[in-house]
Amino acid sequence: MKRGTQVAAFALLLALLVVLPRFVSSYKLLTYTRFLILALMAQGWNFIGGYTGYAAFGNVAYFGIGAYTTGLLMIGKWHVPFFPALAAGALLSALVAILLGLPILRLKGHYFAIATLGVAEALSQVADTWDSVTDGSTGIDLPLKTEGEFFYYTALALVIGGLALTWAFSRSKLGNGCVAIREDQDAARMLGINTTFFKVIAYALSAVFAALAGGLTAYQNIHVTPGDFFRIDYTLQMIIATIIGGAGTVLGPVLGAAVYQLLSTYVWSKFLELHPTVLGLIIVLFIVFLPRGLMTVLARKRQRGERPFRMSDLLANVRAHRVT
Amino acid sequence: MSALPSPVRRIPGDSILEARGITKRFGGLAAVDGIDLTIRRGEILGVIGPNGAGKTTFVNCMTGLDKPTAGTIVFNGQDITKTPSYRIGRLGMARTFQVVKPLRQLTVRENVATGAMFGARGKGRSAAQARHEADEVLERVGLAEMRGRTATELTILDLKRLELAKALAMDPQLLFLDEVMAGLNQSEIEKAMELILSINRSGVTLFVIEHVMKAIMGISDRLVVLHYGRKIAEGNPKDIVESPAVIEAYLGERYAHRTQAAGDVNAPIEPGTSLKAPPAPAGDTLLEVKGLASGYGEVQILRDVSLEVKDREVVALIGANGAGKTTLLWTISQLLKPMGGSVRFAGRDITAARPEEVVGAGVVHVPQGRRLFAGLTVKENLMQGVYLRRDAERIEQDFERVFSLLPRLKERAGQLAGRLSGGEQQMCAIGRGLMSRPRLLLIDELSLGLAPLVVDSLLDLITEINREGTTVLLVEQDVQVALEHAHRGYVLETGRIVQTGSAAELLDDPRIRQAYLGL
Amino acid sequence: MGGAELGQIFVNALLLSGILALVALGFSLVWGIMNIVNLAHGAFIVLGAYITFFLHELLGVDPFLSIPIAMLALFTLGWGIQLGLINQVIRAPLLATFLLTFGLELLIVNLINYFFKADLRSVTTAYSGTGFTLGPVRVPYIRLGALAVSLVLVAGLAWYLKMTRVGRAIRATGMDLDAARLTGVKVATIYAATFAIGAGMAGAAGSLLSMIVPFDPTLGGTYTQRAFAICVLGGLGNVANVVIGAAIFAFVDVFVGARLPSLSRAVTFGILVLLLILRPQGIAGKTV
Amino acid sequence: MKRTALLALPALALVLGTFPALAEDTISFGAAVSLTGKTAKEGEYTRDGYNFAVETVNAQGGIVLGGKKYKIAVKYYDDESKSESTAQLIEKLINEDKVTFILGPYGSAPSGTAAPICEKYKIPMIEANGSAESIFSKGYKYTFAVLSPAKLYLKGLIDLVMSKDKSVRTVAVLGENEPFSKEVAGGAADYARERGLNVVYQELYPSGTQDVSALLTEIKGKNPDIVLGAGHLQDSLLIVKQAKDLGVSPKAMGFSVGPSSPEFRANLKSNADYIFGSTQWTEALKYNGGDPWKTPKGYAVAFRAKNPKYGDIPYQVAESSAAVIAFCRAIENAGTLDPAKVRDAIAALDIMTFYGQIKFDSRGINTFKPMAIEQLQPDGHKYTVFPSSVAEKDALYPMPAWDKRK
């Protein structure tokens, strides 16, 4: 496909997404907004988990920090408007990520994963008990905002911004350095890469995205409680979305978020009591047949100028990853 | 004689690196024990020593990957003892890793560009400029054609080149090369030597760790010998190899004898004069490979390979790196499924057999790199060798046999295999193979990464095993060593058998001498 | 805190250590040998609890006697799952198997919920809650029995891995898959056995928990998380490490729970993270 | 083209799923209740309560509005016991399924999430299972609760014990850290102090706690006369079990949630004896209302006839039915389906039902109906023991020590 056609396709899709609110019910719009917010989180996770190869399991902590910072600034005595409050949440998250990242990014593999998980759990409980600030487990209520389009367009803008940033990242020295760290940390260090610095930057980036998603969700949901906004499900969802789409690719997280969100919404409304079973089954099949995600298959094929996708690729995937 | 360019003797300059009292302890064990070393600007410093002598650990300390327990390092007049490794890289030091560390999912070009981005001159370069720079380096090391491949698709030979290319792209003043020639055949070694010399001529100081004596003798200005973490000799290469201490610790009597007899390090031993293998017995055909094709995924490596091994023979399989020797062994063991052709063993077709059936039939594979179970004890590793056997009463007897063949293993029986030295590990791997009561033993790269002294004793062991009745198919990159200890040989090139004959014939064959022995 | 309470808390922690060791045992084995972080582990535990519950409720089988049955049932299920599913993706990147087990967990928990409903259940026998006193300290029989069962199973697994042919093959396969095949090991089967043993241990843990905690289909998640933490604290690669990890976790959890209940998890995880930073390879783990 | 296809995937969603319009003569309600996850059981009670009332009302002809009879239909979704899902599902119910009114979810946390969404769209919600006052302190105008507020749950138990025994001095309160239980625990401790008792222990533990032995050991050291637990069924089961393990034997032990549920005895067997539980409703109560069932007994008989799997009827079922009744009456009073008018009618409601008085204070919560106290007794039954005006049996007090029982 020529570059021009590509650009045209992008423009068309963008136009479609921009006019979308005119044509769908406000609940559908909500579903799309959810997808965009999940995409945003997945884009963030992609920096640390996809490009840098650090399986962060506590990104929901930044989602929560973003939500609470945004919320508390908006309802406290300052009555800060939404966007500055959102920015403050993102900033605070980045700061926390940097401070936490310095020690815990020295850990590797599962150890890093459990450390981040532990941090998220601990923060959740702090929010749960810090009555004077967060009103504890009771939670806080943000001002009412009824226009669904507002959330949709904000999320859309952030996701597009995220795409641009990811694209630039993947071509920058920063991105290259992060990938080197993912592939071999010792080698990366010997190549002159300040691994600590790079990892912390990637981690902070992921925190910023999670915080933006958190702040936006808080404003949309109005009622913010530690139980809801520090729930490990959010972390799992962003990881699933990224893996399904393809970790360490520009489009993967967005694509994965679309597939996951739409599938689970569909399953949810169709199977009242068995929807987790169906969703579980879908995830299992996805992993068995596409263990490296959609984008990685598509991208590799594209490089070689082959047809994008054949059913036989699924079986080949199984053959390549099984043990007998 | 060798067509090697005679090394240009450089005038030693001031010191580029001064290491004083470098000690590195892991737990209670000193891997490097108080080494003083000066590297002079512009020289090629060769470093030899047995496995476990602390060579790699020393390089780790110099490049900041390990922080020395004691000692100071001064690079270009600057104390870098506590400097983090990435900054050391930017100051102008680069290294390769003995166990290659490619950025696996990246293309060759991206790998090298990463070095160009963050190395000594990385600051001023954009990502795009770095990629351009990478192309030039790839041209220089002969990897240009591979630039679009991901590192996972490269052969070990190309991965070694990639190591070098990444390091070069960092524009270093001082370059540490850790066994970049391991596994190369003679002609490849010569090319590598030329490349190293040309790098040196372009102004890069080199610190070269190498087991390939011919190469190290050919390029080094000075030679350092490490043993048990200490420096036991330093000086002119010629003097060093004659030093009794070095011979005892590292080279071994036979090597010394060889070189003295020939009067020249580079001279091979006359073919046929020191053959260790007894005359070939005229046994029945034990292994018969016909028209075998094999490979990984979509990449075909072997095309139409046919060979046979007779009962009680030692057969050497030689060939360049990447020719498909290891692939052939893996396919015989059925760890790789053949794409075509057949493998028969003792009259039985094992082409479609499962790996455990192949082992059960008596074909036992001692893989490249030993592949011991590092967390099991030596005894447990040997026990794992009897996994398929049901004759409990004879297992004890086999332990006796293995321990009498390899007394070192008896001493170390309770130790974790991961803690053994390289030579002991190879012994353990062979011992594990023997415990399976093989009729045919497939041995992949017996000498890889081992000191000459150790290799000699292992070869004696193979001869001994064969004398006791075990048939051996030996894959070995050191063609001379292999043929000296075999009855017959096959030559594999780019996935095809191109030549076969008795060991003596092959050693005499001018083509072999030129291609693999560099004569 | 008085001496009596201190003593009681100490005994509580000790008794809890045993159960937690069993909870983490199978998880650690599967993780250590196959590098699979099995998120469905908690679901296996819950299944074990249901088996014991129904055997007790419907057939009057003593819960301790139902342990072997629960183990066998879970062993079989684990065997099937590994052979049919996980073996198909085991060479894929780590997160793939991770998500696979996540999907399995969703599926199993939901199916339990669907068939057995979300009712809270617990196994209550004539001896539930009875015990003896050591000075001011109470020792409940069931928890003591659970500790004993745990110790037997932990020691049994250690013995099995160390002394038997298959046990050795399991460890060897965990260290080098291809080398193990070269010694004649059928890896798919060994993996199935490993996962099955892990699931069986989870089943036993579930049996014990059914007597101790009221459970419903969602109980498992907490225990998966604990098993994860215990493995990290103790380090992988050794059955003894699991016991050490479990003891550390239990003591921290119980003591913090007594002093600062509302922040117990924050403090426990805070300590966990701190320990990790200071000793990245686990408290008992070694770098080999 | 490949990439276009790829990018078009999200757009696929545009065409996914539409809902059929509802028939003309139905009033559509929506409810997101927990059918899976942590509170799946209680969610089921809630749904069964809603359904039973809806079926009864429909069987009697439905709601009469301007001479026309309307049937009621309820659209359910499963919120998976996660309150953030509740918000999403309420949005879906209002926007996509176009329901006219909302019946509340199970639990205070999801109700707290649902309230602002209803406020956003100005759709009235009557909820039956979220009694935390925090929901009603935000000034929302469209959320109402038929049940008594959380802080009253354990008040009756303290009154009961003090009427039995003048010598009680000390009380220990432990509660789960979540909006409802926090208020229950706080309310109980405050009331105990008000009555001159000494609160020797007051702690919250995190949700999902699987082991309370540490807290009970502390409590044992304080040797309180009364132990009060504020949590959910899981917690009360755990506390009783571990209290026996550790030999914690106060004179009275009671819980906000748990004992009234049939599962309490099913799990604890005879260990459940002597335990008190607070309840919003029991079939022993003596109300006489103007609803289809009139009395608690009448309700119970009719409900069991429809739902034979139930023995004791959990109060969650009754209060859920009550919410439906309240809605029906308010709609009829309003004489229109206009949400704002119905909302005003709900606010003005004051009716007597099988469930007791339903009347909302200015915040929207029913502070007019008293709580009752039940006790599980050794004969295997559960009796309403307080208030004494409706007591079926006298409370057994004090609770014998664990090791003194047969």
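We just call them A, B, C and D in the order they show up, numbering each chain from 1.
By our rule, a residue touches a chain if its C-beta (ideal position, glycine included) is under 8 Å from a C-beta of that chain, and two chains touch if they have at least 3 such contacts.
Computed from a predicted structure; not experimentally measured.
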Joint neighbours of chain D and chain B, given as chain labels: A, C
Chain whose average C-alpha position is farthest from chain B's own: D
Chain centre separation (chain A, chain D; CA means) in Å: 36
Chain A and chain C: spacing of chain centres that average the CA atoms, whole Å: 31
Distance from chain C to chain B - Cα centre to Cα centre, in angstrom: 44
Multi-chain contact residues (two or more partners), chain A: 125, 128-129, 273, 275-276, 320
Contacts with 2+ other chains: residues of chain D: 36, 177, 204, 206
Chains grouped in pairs wherever the two touch, ordered by label: A-B, A-C, A-D, B-C, C-D
Footprint of chain A on chain B - complex, ascending: 63-65, 84-87, 89-90, 94-95, 97, 101-106, 110, 113-115, 117-120, 122, 126-127, 130, 166, 170, 297
Chain C to chain B touching residues, read off their complex: 165, 168-169, 171-172, 175-176, 178-186, 237, 288
Residues on chain C engaged by chain D in the complex (per definition of touch): 1-2, 4-5, 8-9, 12, 16, 110, 113, 117-122, 124, 128-129, 131, 133, 138, 140, 142-143, 212-214, 216-219, 222-223, 253-255, 257-258, 261-262, 264-265
Contact set on chain A toward chain D in their complex: 1, 5-6, 9-10, 13, 16-17, 20, 23-28, 30-32, 34-35, 125, 128-129, 135-139, 141, 144-146, 217, 221-223, 225, 227-229, 231, 233, 251, 254-255, 258-259, 262, 266, 268-269, 272-273, 275-276, 298, 302, 308
Contacting residues of chain B [partner chain C, same complex]: 333, 335, 354-356, 359-360, 364-365, 367, 371-376, 380-381, 383-385, 387-388, 416, 418-419, 432, 436
